[in-house]
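Next come two complexes, and both contain chain A; in the first it sits with chain B, in the second with chain C.
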Partner chain A sequence: MEIDRHDSRTRNQLRPLACSRNILNRAHGSARWSQGDTIVMAAVYGPKAGIRKNENPEKACIEVIWKPRTDQVGKAEKEYEMILKRTLQSICVLTINPNTTTTVILQVVNDDGSVLPCAINASCAALVDAGIPLKHLAVAICCALAGSGSVILDPTKLEEQKMEAFTYLVFPNSVLSVLPEGSLHVDGEPMEHAIITSVTHGVISVDDYLYCLERGHAASAKISDFLRRSLQS
Partner chain B sequence: MDGKPLTSPASFIDQMVVPGDVVLDLSSMANQTIKLGGGLRQDSDAISVMKAGKLKFSRPNKYWVESSQKRYVPCVEDTVLGVVVDSKADNFLVDIKGPALAFLPVLAFEGGTRRNIPKFEVGSLLYVRVVKASAGMNPELSCTDASGKAAEFGILKDGYMFETSTGVSRMLLSSPTCPVLEALGKKLSFEIAVGLNGRVWVNAGSTSMIILVANAIMSSESLSGTKQKIMVENLLRRFQ
Partner chain C sequence: MGSSGASGNLEGEMEVDAFRRLFPLRFHERHLLESIRPDARPLERARESTVALGAVASADGSAMAKIGHTTMLAAIKMEVMTPSSESPDEGCVAIDFHMPPICSPFVRPGRPAEVAPVIAKQLSDAITSSGMINLKELSLTTGKAAWMAYLDVYCLDADGALFDAALLSAVAAFSHLQIPAVSINEDGRVVTMSREDGDGKLANDPVIKERRKLTLNCILFSLTCILHKKYILADPTAEEESVMETHVTVVLDSSSRLVSLYKPGGPVLAYASAVQDCIALTRHRVKELQKILNEAISDMEVD
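Showing the complex of A and B:
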């Protein structure tokens, strides 16, 4: 069943991606990521000596500050900060610089749907720009459930508001490896099936969710390729 | 999307790699003693990349990822430019743009005794050598070379210090001399100290020459050899 998207994309088509790094002079790493009209800038400072209270001094600490476009920080922003902090903690190698703090500051330049995945992609590119040691990269995608089990990727703000449910998914990037295919295993599961973060809004059935995971995973490969090309230039 | 099965590590050498790429498989390599430099980590039998950059190899068994950053990772025997932040009874605390402040022992000078401790003000610029650098500990510095002589280490007075990336520092210290320094050196006389942590200090006869040298170095980061020479010639032509 063909869904009519108001910007005439197909169901699986992503908006044009653009990424530029090293855009801020004083930040140790910075990146600007845009998906269509949604633009987020990320700046990374660190690692700097010292650690926040209640944090483990044997590991590096990651601090996230989210600045929305209209400068009113509320609960939604705190939730984004917490999700981002957990996601970035799982991709950074935290044991290399113990007792240090790395600060990631996100500025939403424009929000036209799927702003959290855009922010995760931007902060990952900024961490690479700053030279923070990472286990692998994170690629994020938003999948929206458009009634009767069909899934659209990368919805705009209008589409997000109309859909009954949408989910933000973060996957590790696809890696090039000298090992024979299928041998990268973590705890017995192949790396290809890994997922880092999943945030769901709305009501979604288990089958629909698994279908979203599948579509999202396929799309993450395209974003992963784009990220690799942009990091190599 | 699929990890391409490659049989030899030579395929990744001198290629750009991103974090997560597995570049070496220890179980399939004959000579199993390998030295890993910056940007690589060991995950049981697989060596994977931590920082994006170009994978380099040097015979017989050294692998590392070369990349250019604004922050510095302290390594032993590097010469860096540090800024004094504080002085304690036994050490000076020096900022070298790394994850932690570095300690410069009060006695680490040529002929240094408890009676002639140098007095450095906060903010002084020092040219020092890294003596100890391990994970989790503050690096230790020294103002002498390995044999105990002063050898140009110490405070840098006058002049102008600016910050660039570590890649530019390595380019300035490479041999043969990099094109931008060669072109500047043919027409101007100036003194320069390059720290591997991305700090560069320039001193020359007049302020305009200092600014010219600093600007030329800062804009040479992304230029190739011939473009650097052209850029320097343009700058010199406008000022002389």
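Showing the complex of A and C:
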């Protein structure tokens, strides 16, 4: 069933992706990621010596600072910081540099829908640019549920407000393996079918959510390819 | 650690405590191998929960909820305000979550808890996006006066599963809420009548709305689970949350629709099977909590 999207994309079509790294010369790593009109810049400083209070000194610590476009930091920004911190902690190898702090600073340049996935993708690229040891990359996508169980990918701000629900999903990136068996399997399920992070807004049925997971996973393969090509250049 | 004699037993206990402090992950995993947790709960059982309505007498609606040791106090105050021009026939709900230093040794007056604004935002997202409260019911006169409900949730004891207890206390407070009667005074302004003269008909001002309860379209309940290797633990304590860092919070409404599935990162990845198990555990918990809430409401009405 065709849904009319106001920018005439199909349901499964993502907005044009663009990623540029090493754009700030003082930061140890930096990246600018844009999905259509949503643009987020990430800068990574670290690892620096010392650790914040109440953090585990046997592991590296990640600190996230989120700067919105209009410069009023509120509860939403604190929530984004916490989600990002825990997502990035799960992809970094924290035992390599214990008792250090790596700071990731995100600046929202423009918010036109799915800003959190854009920020996660930007911070991944920035961490790679800074050379922070990572287990794998994280690829983030936003799926919105239009009525009657159909899912559209990568909604704009207008679409997010109109849809009855949307979810932000973060997957580990797909593995390109030289071995013919392909990706890493855990219990017969490939690792990239699992979610690292999920944040939902709005009420949906459980079956619709599981359908969103499938579609989101399919889209994450495309973003993984784009990320791989962009990092190789 | 096996020993004989009275002094030997004490020595055995000290060692277990020391082991718990020095190697907390191994301590918990040793219990998980036997499918049990340090407080003798099976993996999928939540802690004992209680709800008491009307805990704050001066508030228009209040409730205290306890899940194990985690204690939350929610109170609602209603105020008349002018509605905004974009929605002139709707009232407003403002939700705030506080973690005063009494709740945990990690919260000090100069160092607020990092998790407090996150839980506040999660609470207000869940309550507004699920449509539990019909904002049009909070309107008094279209365009001129509407109710603003200030919901404040205070954490009195933080022992894990903070969001679950906060949501339970918020929902209980809304079900206890009595919107005060209002009348229009001589200046033509809407003024609330206090409980005493509302029942006594002494006031000469015409009462435009009687005291009434708010109708809730659906009731929200939630369950936080921890994912660790192959295990799923329901309703973690603060110690379990600090040792095993992958948390999943599922919020369901009374018709089993998913209001929120919140998994903020964490070292363990969630496969679709784990997601479905968490949702099944939450469905079971919703039935338990519904019973507890209904009992609390009927206790209140008997009084």
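Going forward, the second predicted complex is superposed on the first by the 221 of 233 C-alpha atoms of A that agree within 3 Å, B and C clash if a C-alpha of one lies under 4 Å from a C-alpha of the other, contacts with A are read in each partner's own complex, and residues count from 1 in each chain.
One rule holds in what follows: a contact is a pair of C-beta atoms (placed from the backbone, for glycine too) under 8 Å apart; a residue touches a chain by one contact, two chains touch by 3 or more.
Predicted model, so just to flag it, every value in this text is computed and none were measured.
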Chain C versus chain B on the shared chain A, clash or fit after superposition: fit
Partner chain(s) touched by A:V199 [first = chain B, second = chain C, both, neither]: second
Chain B versus chain C as contact partner of A:C118, first or second or both or neither: neither
Which of chain B and chain C A:M82 touches, first, second, both or neither: second
Which superposed partner A:A49 touches (first chain B, second chain C, both, neither): first
Partner chain(s) touched by A:S90 [first = chain B, second = chain C, both, neither]: second
First (chain B), second (chain C), both or neither touched by A:A221: first
Partner chain in contact with A:T100 - chain B first, chain C second, else both or neither: first
Which superposed partner A:I62 touches (first chain B, second chain C, both, neither): neither
Partner chain in contact with A:P172 - chain B first, chain C second, else both or neither: both
Chain C versus chain B - closest C-alpha approach in the superposed model, Å: 15
Footprint overlap on chain A, comparing chain B with chain C: 172
Residue ranges of chain A in contact with chain B within the complex: 28-29, 46-49, 93, 96-100, 128, 130-131, 133-137, 172-181, 184, 218, 221, 224-225, 227-228, 231-232
Contacting residues of chain A [partner chain C, same complex]: 53-54, 74-76, 78-79, 82-90, 165, 167, 170, 172, 187, 189, 191, 193-206, 209-210, 213
Partner chain A, residues of chain B touching it in the complex: 1-9, 11-12, 16-25, 28, 39, 41, 46, 48, 50-52, 67, 69-71, 73, 99-101, 135-136
Of all residues in chain C, those that touch chain A in their complex: 106, 111, 114-115, 117-118, 120-122, 125, 129-131, 245-246, 253, 256-267, 269-273, 275-276, 279
